[in-house]
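By written order: A, B, C, D and E. Residues from 1 in each chain.
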């Protein structure tokens, strides 16, 4: 395009469209990277264990692990493990989140409760689940419930801490609004405190989800007869590393899935963010 | 005080001073609660195990645990365990935090790196430490270093994730300021990206500290000959529950201490907050 | 306009006491506001305007002195406050925000719906009623805050610099809207502002305060008849004089409190 | 004041292209600013003022057209921007913030120290040099932003509503300070504001823009001699006319863009 | 650690009573041997030999590396991180060998002494009136600490002995023995295959009572084995021979103490130092691990166990026992020390 003076002129709209298209290509190549990187990692692993850079006895190549995965999948055992673990994770997660939220809200709203409970939370939090297993067995036996409790125990702490932080971080002006418009304690709780704390609370819940998965092996170490953690632990103890890696990859897969799921849920639950 | 009309009048200054004093008393009683609550818990435990509500064989009363603590302390063994574990925690913590911060900053600053690495981080994060122990032993042997690596591995993830979040959360206007004033890449990194990400990063480090403690038992389950985790594990296996509880209480104590320490450090490191 | 006293403030003092330093925010403030009057409170920053309003709003206790708000009806709340932009509650939709006061009073659903829709229409937000505040501009958020307070139908309205964060053009549009709603409802309003133009445009009476401790030092009746326009305010030479008078007072107070 | 052209903007257009809707932020903007001139850009919200400034500041690329900033000296940076309050970097002390541009240019330490102290004194922040911004009021933060830009000694200064967030009294104090520093340095300034009073008080020339797409529709020379005071601006009837003219233009543009 | 080991050329097995050990000459250079341990009493031979200076006599320095259980030692052993380990017979162990992890089975590290089994069944107090005979296990919940291992093997032998099938009882996998105490106390399980000293401690604390004796149905079960890393056994024969000689001396002292009752106090002293059982009085009560003074193992039983795991599908690949079992060093050491007088 040339203007009256004969200079080359560019249509600004076209220029920006070109720019935008370039941007889009870049964007897509980034997304591609996200898919490529795990594939690349697996490929590297495959090559390393085939060429002997990785000890094949300890690191069976992904192809072998996938074969094992299909074997386990076809004989149906895998689904038992997966469904049992998912049930325990879900139940443990809920059993940790619900009291975590309730106690967290109470702590956030009432300073004496907060001052009373927080040192206990601080003291109990660093105690590793692994060390609590015997105590859990004594109290809750060896059934499914003890696994659920184990998971719940580790989910509880991040949820409680973030819920308290969430309540304390509610902007003062919103408390003023509630007071000025005469909110009753009940209304205050449900219309201000709970939704106000929700975003930070959900961060804690997201963390709780990660921890629930991290705990499943410890939870299913004892008294279990199935579950992904059981699969990992017994395979490992029987030196069936391919089976162990199937379990690890399953956990990693579910971790990924749950994260995405919770992020999606978060958008639904806090649409105002 | 009475004004000219004979009404009782209050000196506003005095009224507020009284109010303030009342507030102070309240404040102090809250602090008292914070001290009372763990004491109360221990007392309850003592009473329960003395009256048989708690099975004394599984839950030795705190008094007995304290006696054991002093026995272990006087024969010097305890200090070996504590110092060895503290060393491992400190080293593992650093070994997790430093790469976590560096990789996190790179991921935050360079989108392609972020897109490439984040799926790997997401996939590896849910894998429980417990299941990684054999792999760690293969790579790093059974010496102290393998324990340090175990701890580092679990510290790494929260730090990396929060560092990325920290960088991405830097206010756009600060990036504009840097660009407008012609910051070089190096200056940008050290004057904007790093300090800008620091507050969120420190949250991740705080979380990493908690996880380092949670991991110590798993880390010292294998190939260790001392350490608090070792103490807990071997005492438990030998059904020496008093010793086990000494270990648990030590962990809980250090967890408390580290939290306070890091909170203090945080105030020093980010004085602008 | 009747001559009944609606707000009566008597010798109000507020001291913020802390261990090492205590601040007397307001000192011996006495003021009467008539039913239906629109009063602006103007004064240098930190002179205690917000503190006074918060005491009236029940968000702060006075250290000494008292105030009364005359109640015409048992069903009405005594006062409602128009907060700044940030006072809009982000997790409630536009509609829910406007209905907030009514919901807190657990009025009949149908009544709430009608009242809310009515005020949504008045501030031009009917089409946005289901949106969350984050999707709205600053001016629209401020409209929510105003609608919320008016919808609550209180005896008096308290406003603390509701338009401070808006740009000049938006500010004026909202000022006009506020005046139009106010003239329909004839509420008694106590309004804080730093903007002399705003005070001149909106109020029947301007109360000038001194730098801290905040005391009332002067009252100015605004002489222009309503409805007013900004052009009138700017063109009127009497107003220009008033402006400069207030301006000089504030400059002096600011200098004094800095020096 | 020389008559050299300092900023020359030629037929600048900026389109924000998105998949479904594209916005033409500014369209065919041509403008010349003389050396040492103080020019205010006034226009309805969303008309592309910020976009234009960001292009000059090198923070955005134009879609078509070009601009040049005449450089007197090789050592000076071409432009520096005064950002709003939030542009003050919270993890740098007041001093470090003011020295930011100089530090980025890695000038000699001693020079930086002198230049920084000089401008800290000019904006009255010498006593606060070691504090972090969070400890300062909004007005003081804005002083940092101004000192930072002036200390950098650029060919031209770009300011995007630097005083929008301040209250009226503080705003005026800062306006006076800005004028005093400006009159010492005689920098070329391009200043965005929504406040007509501000534009009348500060500028040599006011450029009026239309609602989007942003085009320049009118230029107004401000006739009052410097130094000016707010009293003069308010008392002067010619100014009052100017005010109302601009005011009406803006009201019309706002109505048009809403309709 | 293997790089610093002594020469590997010719085996120096000359016996000379003037040597500090009274038999083989000490190594020219001090050599460090790392032993993987899990704190079990079956490591007695190592502890005693260390404390009584039998290793030192040969200029061997030993270092113990603690593991939670023996399976976790295998990777460390195969990669040469440790030289010696105690292995409990498990599918994992055979699997590792079958998949190319080269370890050598060299000597006995634990078997049940008839009538005094250190690894046997216990029943909860709530079962005392219910379980009188082995067949009464029918319908009960029995905890075993691992599958496809000596534990399950003994369990299955017991069921066979009781005339029960696996479907007749409820199998519970409970990862470690400590947890069995809690589980049996609160009634989550009815019986458990428990190990000393937890058996005795559990009896003392009233959690459970011993039920029968494992030698009733599994008389010659090889429970634990001493394992050597292939490098250590093949390339450092001078060291491994001396190591084994010292170990056997330790084991013999142990037998002297617990079987013959000679020098018991000193041995108990050593045991309290190295194991988690710190109470000397309790050592008088526990049924100690049987350790053969000549290092002999029930090899037939090892093969039988292997076959059982294999039949269970728990093993992929095959173990060549000729390659995996290497008792030559042990036999040579016995030759040098002379047979133990029982």
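Worth a mention:
The definition used in the following text is that a contact is a pair of C-beta atoms (placed from the backbone, for glycine too) under 8 Å apart; a residue touches a chain by one contact, two chains touch by 3 or more.
As the structure is a prediction and not an experimental result, all values here were calculated from the model.
By the document's definition of touch, common neighbours of subunit C and subunit E comprise A, B.
The minimum number of touch steps separating subunit A from subunit C is 1.
The chain with its C-alpha centre at the largest distance from the centre of subunit D is E. Counting the residue numbers used at the interface between subunit A and subunit B, over half appear in both copies, so the two copies meet with largely the same residues.
Of all chains, E has its CA centroid at the greatest distance from the CA centroid of subunit C. Rounded to whole angstrom, the centroid-to-centroid distance between subunit B and subunit C, based on C-alpha atoms, equals 47 Å.
Rounded to whole angstrom, the centroid-to-centroid distance between subunit D and subunit E, based on C-alpha atoms, equals 83 Å.
Subunit B has its Cα centroid 20 Å from the Cα centroid of subunit A.
Residues of subunit E found to touch two or more other chains are 75, 79, 176, 178, 182, 185.
The residues of subunit B that reach two or more other chains are 55, 58, 134, 138, 221, 233, 236, listed in rising order.
Among all residues of subunit C, none touch two or more other chains.
Contact between chains, as defined at the top, is found for A-B, A-C, A-D, A-E, B-C, B-D, B-E, C-D.
Within the complex formed with subunit D, the residues of subunit A that make contact are 9-13, 15-17, 19-20. Against subunit E, in their complex, subunit A makes its touches with residues 55, 57-58, 133-135, 137-139, 141-143, 221-225, 230, 233-234, 236-240. Put simply, subunit B touches subunit A in their complex at residues 30-31, 33-38, 41, 55, 58, 111-112, 115-120, 122-131, 134-135, 138, 207, 210, 213-218, 221, 229, 232-233, 236, 244, 247-248, 251-256, 259.
Contacts from subunit A toward subunit C in the complex involve residues 171, 173-174, 176-184, 187, 191-192, 195-196, 198, 270-273. The touching residues of subunit C, counted against subunit B in their complex, run 13-19, 22, 24, 62-65.
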